[in-house]
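Below, subunit A partners subunit B and then partners subunit C, in two separate complexes.
Let's look at the complex of A and B:
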């Protein structure tokens, strides 16, 4: 079964072609980062308009790369939530109507399910069950995954998401948008031991997170270090390094706790912050200390992409799920409401971990 | 901050007018979301009150009615509020808390109450400014003693 996947829930337009017998055939991601950079953030309506502009050319490019035409498609998957409603509607309208015109089934995919299953796109994929750490600008969640659609939320951020904390700390330090990656780069030349930032909510039981207080800590430290309102480069780098260490440590402590509490030895990392090198290194150590294993999607599939939607959609289409003719999006959609299915759309012969 | 939020909740309940528009102003990290969270909890909502920065708006229902918590930080142009359907939120009876209201100037109506939070390092100074009769009614109903 060949499935076209469309992801338009936020500021990336992602298109991919997934074949349940041959794996991923082609994919394209167009990022609106440059467009939003001048505003210092995502602009919802601009995002929708840009998806409209980019989606069709990207579908053509993706099909061309795979040497296929729309007539070769057996199904279409699009992100139907959660996300910005205008942006979601672009992918849903396009996906649903294209499927109708071609006479093939279509399915709306939960964006976070896409992220949870993204490591399955790699040659070495985790077996169920596994613990997933989803970390991005909008989410920080620990989820136990027992199968497709079998998700248990173990913990989540009670206030700011980890990626949001990165972006806001970066903004306070005057770094360019998107702040997270810029802050991480700066942290490489900083001393992570100079200031002692708290590891929020690690001194009590539970798997929830809170990153809002770190913002205040960064602000206070900037005020303490700045001379006549100007922060020296080394101070900036040291604050970045201490901040990053605090976030990474906190995430690692909670991942370890989740693995210990559940007895599950496999950990996957997904979401934009999952591309952070420091986080990857530390979680690798955490898993090794528990004789466990860590799985990541490749960095470009950590952030929003069409491949994860095509894959998750293929699993659901194989199980017979299909959307009716209505174009429906669900801006707020708890992951635990998804129906379980048992069809893993991976080509045979690939390794499992 | 939380004690003040509890007093604000008491004032809203006592005034008999729970719907209205509150602007929250202050720099990044000043405590706008902390105040909002305290207020939403003090009004009886028991779940997590997350930062609305990414989602732009979070919607809560509690005993007193509906509360919509906005963060306009990521808005590029005030007109974007129209695309979000802002008019549907600013209905009678809905309590709207708006962080970074400057980003919505021109499209947002006047606030009933403006709360300006100044970050003084290890403390915060709050100024409450009533802009309408509703705002004045809230301040008139302010409890003498901090709510426990």
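Let's look at the complex of A and C:
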């Protein structure tokens, strides 16, 4: 089955073609970073407008790269939530109407399920069950995965997502947008032991996270070190290094705890923060200390992309899931509401929100 | 005449029409904020009700705005998907022009200034004149304050139409006396776009889906740029 995947939930237009026999055939990602840079964050209206401009040309490029036409498609998958409603609607309306015109089935995919299954696009894909750490600008979750659609939420952030904390800390330091990657780069030249930042919620049982206090700590430290509103380069690098170490340690402590509590030895990392090198190194050590294994998608599939949507969509379409003609997107959508794939024996209507 | 589909989601109405031979069939529903849920089902229902298979459709036209930003994106996205899947060309028409066409087809009006609510205290407007049975633009489409629009309305001879008339400050007593007629309950409906769409088809104006873009008119966003945002450190 050949499935075209469309991802337009936030500030990346991702298009991909996945074949259930041959794997990923082609993919394209267009990032809107430059568009939002002068605002220091994603402007929803601008994001929606850009998806309209980019989606169709990227579909043509993807099909051309694979040497296929729309007539070769057996199904269409599009992100139907969670995300920015106006942005989601672009990909969902385009994908759903394309499927209608072609007379093939389509399915609305949960964005986080896409991230969760992204490591399965790689040659060394994990077997079920595994623990997933989903870390992005919008989410920080620990999920036990026993199969496609069999998700148990073990813990999540009670306030800011880890990526959001990275971005906000970077903004306070005056780093260029997007702040997360800029902060990580700066941290390489900093002393991660100079300031004592907390590892929030690690001193008590449980797998939830909280990053907003850490953000306040960064703010206080910046104000303590700054002289007449100017922060020395070394101070900046040290704060970045200490902040990153605090976030990475916290994530690693909770991952270890999740693996110990469940007895599951496989850990996957997905979402934009999953591209962070320090996080990858530390989780590798964590898993090794428990005689476990860590799996990641390639860095370009850590951030939003069409390949993960095509893949997750293909799994659900194969299981008989099919969207009806009413296009519905769900800006807020708990992943635990998803149906397990093995219960989708026959085609059924699916309408969200 | 070719078999053509028309979509409009630029107002609170969700409206689709089908041109088949010399007939036009229309399906319109008042569906505020539910365009995505109704547009494609309505296309499917309209074709089925008239015994037309989707493969028979030769072109798809859509209201490209100005109007509801989300609505026009839904219309263009659905038009793009249909165009790509059926390998047929598209045509984007002005939502203001459809309102003018509608007024001209329903009355003896030959000059119409269309005013639509642009929200955020602004309106969209544009003037049209009847030529060979079609509403043709005689001014650029604009977005702006009710006061700027009112000044244009005072200088215009003809009918004023559209939901923007209800926006405070657009039509005062002076404008009302000056105008030939004031029609505040006209919304863009797909069926009335049929003459415009047929003409575009004959003139070869249908083109690849990437040739027509939404027309928002308002390009500023209510969002502060970084240098206007508060900062902890000196910039």
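Heads up, the rule we're going with is that the second predicted complex is superposed on the first by the 341 of 353 C-alpha atoms of A that agree within 3 Å, B and C clash if a C-alpha of one lies under 4 Å from a C-alpha of the other, contacts with A are read in each partner's own complex, and residues count from 1 in each chain.
The rule is simple: contacts are C-beta pairs under 8 Å (C-beta built on N, C-alpha and C of every residue); 3 or more make two chains touch, one makes a residue touch a chain.
As the structure is a computational prediction, the values presented were derived from the model and not from experiment.
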Partner chain(s) touched by A:138 [first = subunit B, second = subunit C, both, neither]: first
Greater subunit A contact set [subunit C / subunit B]: C
Which superposed partner A:159 touches (first subunit B, second subunit C, both, neither): first
Touched partner set for A:219, first subunit B, second subunit C, both or neither: both
Which of subunit B and subunit C A:168 touches, first, second, both or neither: first
Subunit B versus subunit C as contact partner of A:319, first or second or both or neither: neither
Which superposed partner A:310 touches (first subunit B, second subunit C, both, neither): neither
Touched partner set for A:125, first subunit B, second subunit C, both or neither: neither
Intersection of subunit A interface sets (partners subunit B, subunit C): 39-40, 43, 45-46, 48, 86, 172, 219, 223
In the complex, subunit A residues that touch subunit C: 38-40, 43, 45-46, 48-49, 52-53, 55-57, 59, 70, 85-86, 89-103, 172-174, 177, 219, 222-223, 226, 228-231, 324-329
Residues of subunit C defined as touching subunit A within the complex: 36-41, 43-44, 54, 69-70, 73-74, 76-87, 209-210, 213-214, 216, 221, 223-226, 229, 231-235
Residues of subunit B touching subunit A in the complex: 27-29, 31, 33-34, 37, 48-51, 53-56, 73-77, 79-80, 83-84, 119, 121-122
Residues of subunit A touching subunit B in the complex: 36, 39-46, 48, 84, 86, 137-138, 156-161, 164, 168, 171-172, 212, 215-216, 218-220, 223
